[in-house]
């Protein structure tokens, strides 16, 4: 393998551009050798060129066929993820894939089988694991100083609802938004989720009902290790991106607050004002995006385990499907049912 | 009625002594004219005398028969509450009763009927409504500035588990501990709970299993106004009494943190240390105990509505019974079932 | 001596009423047997009676002559403090005196000599020493865990400027307001102040200039133990009473923030708002007023050292005079000059 | 001028490497065309090459003579700054110079004259102006919403004392460390300092005395606009880099706390622990270093005013000299004396 990991990027929409920029500027051991996107246009080609990437294609197969590509970043639309994983695996490329791999459990399992067969590495883009705050919660719990975890809590609220065009195809709040939190509770607790119970409501926009979706949801969880947990999601938090986690253990509790734009406190006769949380995931998890990329590059170059595996890609999808079924059938649902 | 409200206190255990002390020292419009307790001894008589209360009896009927008593404080054991309410009502005394009135819905309803018939006032001791923090959450939500409530969250953890002798007779975590939180979510949301779903576990002490109880529980709730909510309880939080509430609304979120012993921040090479939350309810809700008493005295003397009614005493018991049934039967339970 | 300390109170203005109320309601070992005030009127007599105090006089000498009075609380205007101390001492009464004893060093020294000669106890009302926050700073420093103190900082700002009628006679910002902070730095550092340097300005109200006063001031200090410190004062902080202290030591730093009305955080699109500091000293130091009184009563009844001595009453006056001289002469001034 | 600003860097020690890395990775409009350092070795050449910089010289004159260099970054030792500024100006290069320009007022004035004569741009590296926290304080004050500034406060403490080899040549605490704070108070207040008064002490290491230096200092300041201020410095804060600022104005107060490594709060029976401040300036001001560089590049490419001028480089040196004189002569010193 080359001294630098040579990467081909599939999809240069918002998240693809983010990864490319990070790889170019902040990951010295990586080199982006080409990008492919069926919607490539003059603007995106100019953007790629400005970063020193001259090999741009509209055909994703050009990436898989390129012998100079050691690894691919799959940043295309969700419906292409599994197919690209299989193609990359068959071409012997290591794979970084944005979440979710698919919204269909069988499709994910087939993709993971192809990865296993090819013996390549696969990392799934659950970026929040690399956030300084959530990582501190996880590390504190994992250190054992607080004893056995009892209650795992995640609050996750987006600043504003996505457009209905997206809601229509997103798979719903559980597969599109809360899936990050399903990964997070597995990460924080160090244990598998065994059962969920869901309450949901529509408080943000009545249009969500059209797509058999809710915009506000709470999911309770049971874990293999006996802990219980809860996640609350809202599609809209006008004060900004609300991302808090907490684990209550036998000997104590660890919790993290939001990152704020600054630490200013302004006191006047009208009150005391602090700065709002960072606006959305691009600001909040910027350093985490870089960290997950570095870890992937390091895992491939130095043959280490990737920090987020294919199973980590599969389980949150199962939990999300169970959560939706719990909402639909108004009963607790075991993950083993899925 | 006398210019001062003349009060007879039934039960001078921990909570009875607390109310007597507050009435004597901090409620100028009240006068404690007698106390009654079947376990009255030299110590408690001396204590009463030191506060200027010379009429002490072992017979609760002496209180109901005393024409100088305008109102009673029922601070005796839970199993006597409903009976004492009925007796007081029949004697034409106004009533302040510690929570819960009973753990049996029918018994409560009968007691409330007796109160209604007698036309006396009844206030139930859900003291947390009078806490500066929770009241600020409620007032902010009720003001409407944040818009429609969507998610109601309560964290409530005791510093240490009660003795098993108490667990045996307490009615379990839902009727004994989380009942305060069931009142709190009604108070914060301004809406009735319609359905609950419960997950519970044992993480503090295996002995809880002997009494068909759990020591760690999460309950999800649906409200009439379409909001959803969640309460988490633990019998043990070694860092102190953990009492936090939060309401996420359409236009914003209001949340309160714990009261701390002081605002000190000590920074050394080993880390930054802050002071722990106040240890337990006597410290945390001390001012609230005084405030609820003042409000009761004011309501009686000036013929105002009491701030916590008989219905407020009934509903949390129904929710608690539903929560336990949800745990036992592993399904969501509607309050209308109870 | 009687089992309860029998107290006569001189002066029942704002601060006198506060002490009487605290003594009656919150200090079980004390009994207020009489009050005296030349401005006694029907209202203040009715107020005293409502607290069970029937002996009310317009003549302060009635207090000194009363054999049932064990101790006096001097809450009258500053110009009477020293005289009343001498009279009380000569009558063999123990003395609690509001600050400052006098604005004249010689007068204070004479009063302290009378106290010494009579062998009675004298406590001066530097109430902030009894505040939970500042006490935590002091106790942390005194414990030695942070090592040798290096920098002592006090921020002290009133919510609004006093009326000019008061400014005219108050003795100025250093003797009337910052005197509390001069006591505080001695308390926090555990060391005597040896030298000060002052910068002052007028930012709140130009009228302060008429009385040779400033409304905003910073004083640097040197301590016997080699530490240095700084106090900043403003006559006006529209957000409330700003009372923060900090000590930076060799091994770490301890600091306290303001007490807030509640812990609420309200987040909306407009920002994140917290609750303002408690408004003024009656709210902020309410518990401290009770604590200092209890300590005095305990010191007298059980023959212990008082927690704030006559020397503690003298030194801040010397520092205040030095601070004013530093401002006037624009040079550092040694306390030994005073 | 080229579309990208072509930069030559003088000095690739710690701060030089930092700027080069930032320019290469985070400033798209800049290109580092060469570096020069008399101590250049194989390691630093390899490092430069890894960033795509192949032109490396031991002779600084190669930079001034290079027609492909539009601007220089002066990151060499302080004693070379002024000379390099003059040479760069004479060569028509724009200049970014690390602080301080010199510790000699006359030398600075001569360098600024050379810059003026050449008509090139000069920006001085007072990086803290670009920090999100301090900038928020400044912007809030400058907006006028808080009214007229009255008290300006800066706390600035390094995590650990520098080696004595550095102390020997640094110019002392005022010229080496507090100079940043002298810039900060000018920035925050929007006004010039007119007079200072200094108290200093040795609490960290007795060796500072050998170099006629102190390790702990407080400086009071007067401003042209009538405000007063105070800075406190310590060479050692074992809990990390302590960087807080505050401005109290007529209508309110704005203050910023330290940036922490994360927002975790860990609560156990032993206490509540938060994360320490970021360790030192490389972490704390990392984004600010990038921001100041971007602003410089933008100012040159688009002919805008630089955000930190030559005068901004001169004034803090004058204040530092006055502060040291105040310490030595134990009297307030006017800046006009310097």
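Should a chain be cited, it is by its letter among A, B, C and D, assigned in written order, with residues numbered from 1 in that chain.
Quick note on the criterion: a residue touches a chain if its C-beta (ideal position, glycine included) is under 8 Å from a C-beta of that chain, and two chains touch if they have at least 3 such contacts.
Since the structure is predicted, the reported quantities are computational estimates derived from the model, not experimental observations.
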Selected interface, B-D versus A-B, where C-beta contact pairs are more numerous: A-B
Distance between chain centroids, defined by C-alpha means - chain B, chain C (Å): 39
Distance from chain D to chain B - Cα centre to Cα centre, in angstrom: 58
Inter-chain centre distance, chain A versus chain B - centres from mean C-alpha coordinates, in Å: 42
Shared-contact residues (touching 2 or more other chains) in chain D: 237-239, 242, 251-253, 265, 267-269, 275
Chain contact topology (line, ring, star, complete or other): complete
Complex interface listing, chain C residues touching chain A: 237-240, 242, 260, 265, 267-269, 271-277
Chain A-facing residues of chain D, complex: 25-26, 28, 50, 132-133, 135-137, 140, 145-146, 251-259, 261-269, 275
Residue numbers on chain B that touch chain A, as the complex places them: 148, 150-151, 153, 157, 195, 197, 199-204, 216-218, 220-222, 226-230, 232, 234, 236-239, 242, 248, 250-253, 330-332
